[in-house]
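Okay, so chain A shows up in both of these, paired with chain B first and chain C after.
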Partner chain A sequence: MSLYKWGGFSNHKVFVGINNFKILWTDMNFIRSLQNSVLLIVAVTIITMTLAVLFASILTREKMKGNSFFRVIFYIPNILSIVVIAGIFSAVYDPTTGLLNNMLALFNLDHLQKMWLGDQKIAIYSIGGALVWQAIGYYMVMYMAGIASIPESFYEASALEGAGRIRQFFDITLPLIWNNIRTTLTFFIISTINLSFLLVQAMTGGGPDGATEVFLSYMYKQAYTNSSYGYGMAIGVVIFLFSFALSAIISRVTKRDILEY
Partner chain B sequence: MKKHAGVSAEKIYHLFIYVALITLAISIIIPVGWVFLASIKQNKEFYGSPWTLPEGFYFQNFIDAFEKANMGTYMLNSAMVTALALLILLVVALPAAYVLARYTFKGSRLMNSLFKAGLFINVNYIVVPIFLMLLKGDTLLREQIGDGFFLDNLFVLAVVYAATALPFTIYLLSSYFQSLPSTFEEAAMVDGAGYFKTMVKIMIPMARPSIITVILFNFLAFWNEYIIALTLIPGPNKTLPVGLMNLMAAQKSAANYGQMYAGMVLVMLPTLILYIIVQKKLTQGMTLGGLKD
Partner chain C sequence: MRKKALLTGLTVLLSLSLIACQSGESKKTDSKGGKATDEKQTLHVAALESAYGKDMWTKVAEAYQEANPKVKVELTVDKNLEEVISPNMKAGNYPDVVLLATGRKLALTETLIKDKALEDITDVFDKNVYGENVKVKDKLVPGFTDTLATNPYNDGKTYMAPMFYSPTGLFYNAALFKEKGWEVPKTWDEMWALGDQAKKEGISLFTYPTAGYFDAFFYSLLLEAGGPDFYNKAMRYEDGIWESPEATKVFNIVGKLAKYTAPTTVANANDKDFTKNQQLILDNKALFMPNGTWVVGEMKDAPRAKGFEWGMTALPAIDNGGDRYAFTFFEQMWIPSQAKNKDAAKDFLTFVYSDKAAEIFAESGAIQPIEGISSKLSGDNKLFYSIYDNGAKAGMGGFAATEAVEGVNMGDTLFRTVDSIVSGDKTVKQWQAAVEKASDQLRKALK
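Showing the complex of A and B:
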């Protein structure tokens, strides 16, 4: 289908070969959506993964009061509809009555106040913030299961030999759940591509002026709103290849020997 | 002296951890809680500082949301689609998962790997093709009998939902079936139960934990789903998230905040209640078939 020029509602299809892909290559809007997507994938993945692993290890390793309370709370964003999340963050980011700007005003940080969703430069980071907020809990629970299954004796032995918490984290926890992280990483990237689309669709609709367009939303816009199905499908093919290649690269790069215990 | 320093370092460390945990918890509780509070505020209260507590319990927002914004109908639609999709999903997925887990026949390996491949196909890639397919079916029907069937139809939406959830569900269920001992089936066979009876009377009751997990996850997915619903239901029979989307878009011009937040609460509340009831199961269910101590 990506090789045709087709309006979608008629049976009039024209075979145009790879022409759609050629247009794609020079389409600045597509390039921008690609940049946005890559930015989101890289930034959101790194931040979420780091926070999720840290909080998971804190919640499993440290025996403190309120552990289960925190776990329950952290998982809540994951059960909310993406539309609700979009609504919540519209309220948070609102320039005049929003929670974030008013919070900054409360701490006398007025100069940090921004048009969180209105400014072309910042909007994409605001979307990223919402993505991180949504994803932390889910991955944290995943890693908690992995960390909980590491035998306690490892930590006791290393503590006897004088390893501190940070050392334990890097030398025991991280290597032993590495395989866990690898698998989730691929899932995470796929779901970031998706969720960023849903969130952009619900929150900004790609605006202001296409500044938050990510590639799936661009595809949807071309195919559904703009009715150029052939072109939309060409974008779809590119995205699919891209995410496939990305997960292949990632699983190659992060390959380590799986440690048995 | 040295020991003393160690203790205070420990204290600082604990303090630091608590601060981090509480910060994250607050960043989750406040926005969600704020929406609940906002849903009972009157419209004029929204122009002041967002931190003021509601002046009273302004229930009119919910009534407005139900009556003016049609949220009641949408909620009913959502409930219907979710229930129907879950039903279809279970009726199809349970036998399929059981057979794939237990029996080898010609092509069973191919089927297995096809379903695994299905795990990687993402709904959002195929929304538009699904839409086109249904559109084509509709045009055809319109030519034949003068009326469309596929688009704008909640039943079709439920079927599409069920179909998109199939790979994950079958994967989860069949890995659970595999972990059950096969002696039960042998015993059932000896007692004279056929294949079908064995499945319905013996295996499905035994797989109850994984079935509950499947229902929970898919309930959340179906209830919250919005891009398929947005694409396939252009008419007035919207589901709750799509209705909320419209409400949010309308709110931007009409400045009817209370009603919008009431709508958000309506979407959130069922999932939150369900979560509170089953939160242990949900966070455990994710590791089902995974590591055990």
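Showing the complex of A and C:
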């Protein structure tokens, strides 16, 4: 279908070869949506992964009060529907009554107050923030499972030899859950692509003026609103190849010998 | 043991209900085929459930079945009509008559226009209204069937019938103006003066729900700047039209208005939060917003300033004594060219203009462009629909239909950029150049 010019309904299909793809490379709006998507994939993955590993190791390794309470708190965003999350975050980001701006005002940081969803330079990061918030719990649980299966004796032995907590984290925890992390990286790519579309649709609709358009929302817009179904399908093909290639590359780059224990 | 029995029971129940659903669905699709059963013809009518509600369609369908016992009307009324009917349409099951306006997000109507998949209904207007001795065209308010919104290919043939119309304009709190002793501005110069005055009191001059609401606003401004001829040229993407002095005037007015826009507008200008912008008017934090008559129903439960009273005015004139326009939106009703019962569909199309049907629609607040209907109105609606009696001219019709051009969307370029103008990310010059460029690209694809 990506090789046709077609509105999606009639029998009037014209074969145009790779013309749709040619247009794609000169379409600045598409390039912008691609940039936004890549930014989200990279930023959201790095931040979520770091925080999730960190929280997971703290919650499993450290004995502290309210352990299970925090587990529940972190996991809750995950059971919420994305539309609910969009609702919560548009309340948080609201310029006048929003939680974020009012918190800043409370700490006398008025100069940091922003139009979180109105400023074109910030809006995409605001979306990213919501994505991180909703994803942390899920990955944290995955890493916690990995960490819990590491035998306690490793930590005891290293403690006897004088390794501190940070050393333990980098030399025992991280290498032993490396396989988990690799698997989740693929999840990150897939879920960021999907969820960013849902969140953008529900929160900003790609606005202001296309500043938060991600490639799936752009594809939707072209295929339906702009009646160019064939072109939308061409965008779909590019997204598929892109995510496939990205997963392959990441999987190759992060390949390590699996440590057995 | 009891648990197990309960579980088994539940499983059986669930699977039964699944099977039941399935068979129900298959029955439905059978009847949608539109085959004549028991000599009765089944007419499949699909209509968008908008702010006017669902009931009026049920009543109209009943009234038609009463008037024409040979026809059985099957109704599909839904808020997301596109999502309900388009899967069936892709499978070849087309509804016979559809009420769905252009300008919706999924753009089903536009897609069908671009694909030339609508039935020519020019002859409907020469027919008698079903059950009455008047021709349809004699009942309609003149002008409604000469626009690009009904004749998208500009070839004198009508493909869409004008249905519920709604004047648009600038909405404001009439009580606030009375209280402060301000006059509603008649020219843009007065508008700016009022803007400076209001600023001193901490009130912004302007806000807008989303940038999409600039369509009617922009069309009216174009009409004010250059008159109907100029407007039609712009709508047909004439070369250089967007860089003409008239168009430049329009762009500059919007550019200036951007500076008077409430600061939080852009942050809330999306489909989720747009009511927060509308709330600014109710809270006396902004003076004007472009909107349509539906806003009254949309905000009816919202809290508001004491004594709040809706007011609506046409756009201020560009020059003193110049024309003032209030754009009219109307929803369209059409017959897909793949419908199976076209003749029955056309009969039904005439019936919706009958006194009986018009009365049912008007009860729900849906007003058709029928002569003399404004005398039947009451309340806020009376005020809104009388805007044309007070000297404002009506603008109608949007852009001419083109082939789909990949990656080029006039609506986005022309209206959504307003967000960038207000936030200062783009200049008016860049905006104007982008619109002219889009117009160049679309001109080649004109039908």
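Going forward, the second predicted complex is superposed on the first by the 261 of 261 C-alpha atoms of A that agree within 3 Å, B and C clash if a C-alpha of one lies under 4 Å from a C-alpha of the other, contacts with A are read in each partner's own complex, and residues count from 1 in each chain.
Definition applied: a contact is a pair of C-beta atoms (placed from the backbone, for glycine too) under 8 Å apart; a residue touches a chain by one contact, two chains touch by 3 or more.
All figures in this text were calculated on a predicted structure; none of them were measured in a lab.
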{"item": "Overlay on chain A: chain C relative to chain B, clash or fit", "value": "clash"}
{"item": "Residue contacts with chain A in the superposition, chain B compared against chain C", "value": "B"}
{"item": "Which superposed partner A:90 touches (first chain B, second chain C, both, neither)", "value": "both"}
{"item": "Touching partner for A:104 - first (chain B), second (chain C), both, neither", "value": "neither"}
{"item": "Partner chain(s) touched by A:202 [first = chain B, second = chain C, both, neither]", "value": "both"}
{"item": "First (chain B), second (chain C), both or neither touched by A:174", "value": "neither"}
{"item": "Contacts of A:74 with chain B and chain C, given as first, second, both or neither", "value": "first"}
{"item": "Partner chain(s) touched by A:250 [first = chain B, second = chain C, both, neither]", "value": "neither"}
{"item": "Touched partner set for A:47, first chain B, second chain C, both or neither", "value": "neither"}
{"item": "Partner chain in contact with A:163 - chain B first, chain C second, else both or neither", "value": "neither"}
{"item": "First (chain B), second (chain C), both or neither touched by A:38", "value": "neither"}
{"item": "Against chain C, colliding segment of chain B, chosen among 129-137, 165-173 or 183-191", "value": "129-137"}
{"item": "Chain C-contacting residues of chain A that also contact chain B", "value": "8-9, 86-87, 90, 202, 224"}
{"item": "Touching residues (chain side chain A, partner chain B) in the complex", "value": "1, 8-9, 51, 55, 58-59, 62, 64, 66, 70-77, 79-84, 86-92, 97-99, 102, 106, 133, 136-137, 141-142, 145-146, 148-149, 165, 190, 193-194, 197-198, 201-202, 216, 219-220, 223-224, 229, 232-233, 236, 239-240"}
{"item": "Touching residues (chain side chain B, partner chain A) in the complex", "value": "13-14, 17-18, 20-21, 24-25, 27-32, 34-35, 38, 46-47, 49-51, 120, 122-125, 127-129, 131-132, 135, 220, 223-224, 226-227, 231, 241-242, 244-245, 248, 260-261, 264, 267-268, 271-272, 274-275, 279, 282-283, 286-287, 290-293"}
{"item": "Residue numbers on chain A that touch chain C, as the complex places them", "value": "5, 7-10, 12, 20, 23-24, 27, 29-30, 86-87, 90, 93-96, 115-120, 202-205, 207-210, 221-222, 224-228, 230-231"}
{"item": "Chain A-touching residues of chain C, taken from the complex the two chains share", "value": "86, 89-90, 105-108, 110-112, 114-117, 210-211, 263-273, 276, 404-409, 412, 416-420, 423, 425-426"}
